[in-house]
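Across the two complexes that follow, chain A remains constant while its partner is chain B and subsequently chain C.
Moving on to the complex of A and B:
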């Protein structure tokens, strides 16, 4: 990191601090009622209090668990199904149009159906999260597998590789950029659906926490929960970007 | 077999299987219903206008939010793309707000705006701003540098440069961004309705479930799917008409 970059970062930090200061100023002068907008000091105090002697940490981890489990399930199913469909022309012709219809369907619309089937339970939330983040992974995997350079398959045939060997040695590495992009999108969807499921089904977690805080007019607690969700969104997208960078380092070298 | 027949074969088979299974088992389940009675429920709800009114409410909020959020995102994206120092100074602020999941703002919206159109439009707008902002900024960053050299050689003023070179050159990618944001807007609108706001299609499906009417619930699900699919088809047609062959190149990118 060079000096200029550090300087710009410091500048952008100052700007962000300026916005927080404006927020504080608005709250201090009660331009917006403190019922709706507590100052950053009160939100921060609620965050610290909730993390130290409240159960906010517990809620945070409940949400993280839900999000990760659903996302992992969706990724496993999505990659396996996508590999099967992407490598077979017949399956693709029969199934791809149906998926194109299902793709724009808002995943949250499935929640009432899931509630009717599974009740207000943790399996319900898991099923909805997995269903929602399945599509980005599945469609990206199908695309990745069907866009493999045909000459690579010819090489596989020339080397008399078996079908699993072709999938694991040729198709999967070649499709991995698409798959990872799909998984990144899937993780965002998983976080959103975790929050919505917690709100609707009253399962323990940050979604439920912010809804209950709003209903009982505990605005500082509400903002503390929203800040935590923002941090969670940021950290999860940073983490998957780091994984992507590590796994795809060969791409930069190949170019 | 031609492509259309292949495309319809699996859904048709699944529907027939569902019909036979539900009829034979004589189910009184609260979650599943025979496809034929779902179709009847769909036609009835469309006929008495309730579903169309719900669709109107949802689309009004989705498009309202799309235009508000899209306009903010477009202006900010143009500003950040054209004035690099501003972009760098705002970097941390943008990166701190952007990762907040839009649904996390639902309780804040409930508290400060109450239920209704403006609440839903505000949440949809928040979700749409970022797609527009980031893709517009990238579109301006990706303009062929020689075009900008031409504008300097012709001694165009800043305004002329923006309206004659920058915006036309970035337009195809801005339209792609708009299409993505439109798809997003519908998803977020339905989600807000299911999670909190008592209006529109999302509320319709939730109430159908709570009133133990699986055929109406599944009819709503089917209808939401059809609206989403129809919107997607319309937007890609519009994109092709607006951009002609340029659209295809952008899609492939």
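Moving on to the complex of A and C:
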């Protein structure tokens, strides 16, 4: 069991190392002009320099903050709304057609609307990020709450649990796998939209850093930003996976 | 086997064992115009074990849910402990057949029992000890930290019974609780149920589709007729207690009752 896991890790590490090696090889042989593709060595150097001398760390944290705030807002609203809609059949039937219309709408499509309403501001970015990452959380939460085993509600009735107790002891934990899956998706959307908003509205952050680097042909800086984004996406999804693993330990244990 | 008119039956039940723990009085219930229960009258004495049999769909579960306050009859009344049933009550516990669905999969065995104590407002300090005692009572000591998915069907049903006992019920409503278990486990749980009932003095309303189980457990066996659900027969079980899986089932009286009820079910289904 554990041996297999080590093998997996070693395998994925080798693939990553191979990828970096090919990248370096392409750069060394100038198959692609260094103006567009610096080698990993130069990208790494730019990354280290940006984080020590420059303000890359600041940009990173600006993006993280934006992403987290938007995501938390979306999660709060999504879970509250989703709980209300998921537990009411009538609400579900009224709202389902509207959701079907709104859901496939790419969140970036509402950026012009948001800019018109809120200007090129941080609240605009927050609104767009929250709106975009709201959908996965909301839809997953609705599904989670509407799929609660009816027998469990009956157990709640038979034990005369109060309404809040039914919500917090039965419905919410039962919906939690769906909610967490939705929040994981929402976090990815929040990261993407943070970067897009920073680029479009010129807000401080990694997105803006990447855009400015590209415009001034500082390719190593650009790649440093892209690498950081990748790491940020990876770390945030690992973090939420760890939370999921802890909270949903009961699902993993089978007879 | 006795056959009499419904009111006569109810009164006979009531006098036989003193004050009634559960009383159905002329209960009617229909779903979208289709009568499910019609004029159901029955009195279950305190501490009595009444088993209800009948063909599938004849209204056994419905009658149990009415007694549990989960559904209201269209007319007629139900009393438990002399008080009209207006909804679920803490002194009435319901053991559902589908234990897999009735347990909280995200809570351990201890956590599932705790739910009933939390509902009753038992202070957190006292819960641990109570949970321990309850799990011990149903033979689940040492399994407190297991999740339901880690348990066999028999253990899960034991756990549900422990949660019901946490309510300290005076009435236990059991809907085919052992129907999904293998024969060996079922017999063990039957005996455990009987000793728990004897120990706590609880009144038991036990729905089953297994005639032998009904005779083995019951003081009386009620046979329901379908469309609409009504009492078709009442058999008094005079087999001595404590009952024994081998001896009781070999007694002449057991076999006589089995034959009579088998005939009843055959006619009810036909």
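The rule we apply is simple: the second predicted complex is superposed on the first by the 238 of 255 C-alpha atoms of A that agree within 3 Å, B and C clash if a C-alpha of one lies under 4 Å from a C-alpha of the other, contacts with A are read in each partner's own complex, and residues count from 1 in each chain.
Methods note: contacts are C-beta pairs under 8 Å (C-beta built on N, C-alpha and C of every residue); 3 or more make two chains touch, one makes a residue touch a chain.
Everything quoted here is computed from the prediction, not taken from an experiment.
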Looking at the overlay on chain A, is there a clash between chain B and chain C, or do the two fit? fit
What angle, in steps of 10 degrees, lies at chain A between chain B and chain C when each chain is taken as its C-alpha centre? 90
Return first, second, both or neither, reflecting whether A:109 touches chain B, chain C, both chains, or no partner chain. first
Once the shared chain is lined up, is A:98 touching chain B (first), chain C (second), both, or neither of them? first
Can A:151 be said to touch chain B (first), chain C (second), both, or neither? second
Which partner, chain B or chain C, is in contact with more residues of chain A? B
After superposition on the shared chain, which partner residues are touched by A:160: those of chain B (first), chain C (second), both, or neither? second
Partner chain in contact with A:171 - chain B first, chain C second, else both or neither: neither
Taking the superposition on A as described, I'd like to know which of chain B and chain C A:250 touches: first, second, both or neither. second
Please work out how little space separates the C-alpha atoms of chain B and chain C at their nearest point after superposition, in whole Å. 19
Considering the complex alone, what residue numbers of chain A touch chain C? 149, 151-152, 154-155, 157-161, 165, 169-170, 173-174, 176, 248, 250-251, 253-255
Write out the stretch or stretches of chain B touching chain A in their complex. 3, 6-11, 30-32, 88-93, 95-97, 99-108, 110-112, 183, 186-187, 190-191, 194-196, 201-202, 205-206, 208-210, 214, 217-218, 220-221, 224-225, 228-229, 231-232
Contacts from chain C onto chain A in the complex sit at residues 68, 70, 87-90, 93-94, 96, 98, 101-102, 104-107, 115-116, 118-120, 147, 149-152, 167
Over in the complex, which chain A residues touch chain B? Could you list them? 8-9, 11-13, 15-16, 19, 35-37, 93-98, 101-102, 104-113, 115-117, 188, 191-192, 195-196, 199-200, 206-207, 210-211, 213-215, 217, 219, 222-223, 225-226, 229-231, 233-234, 237
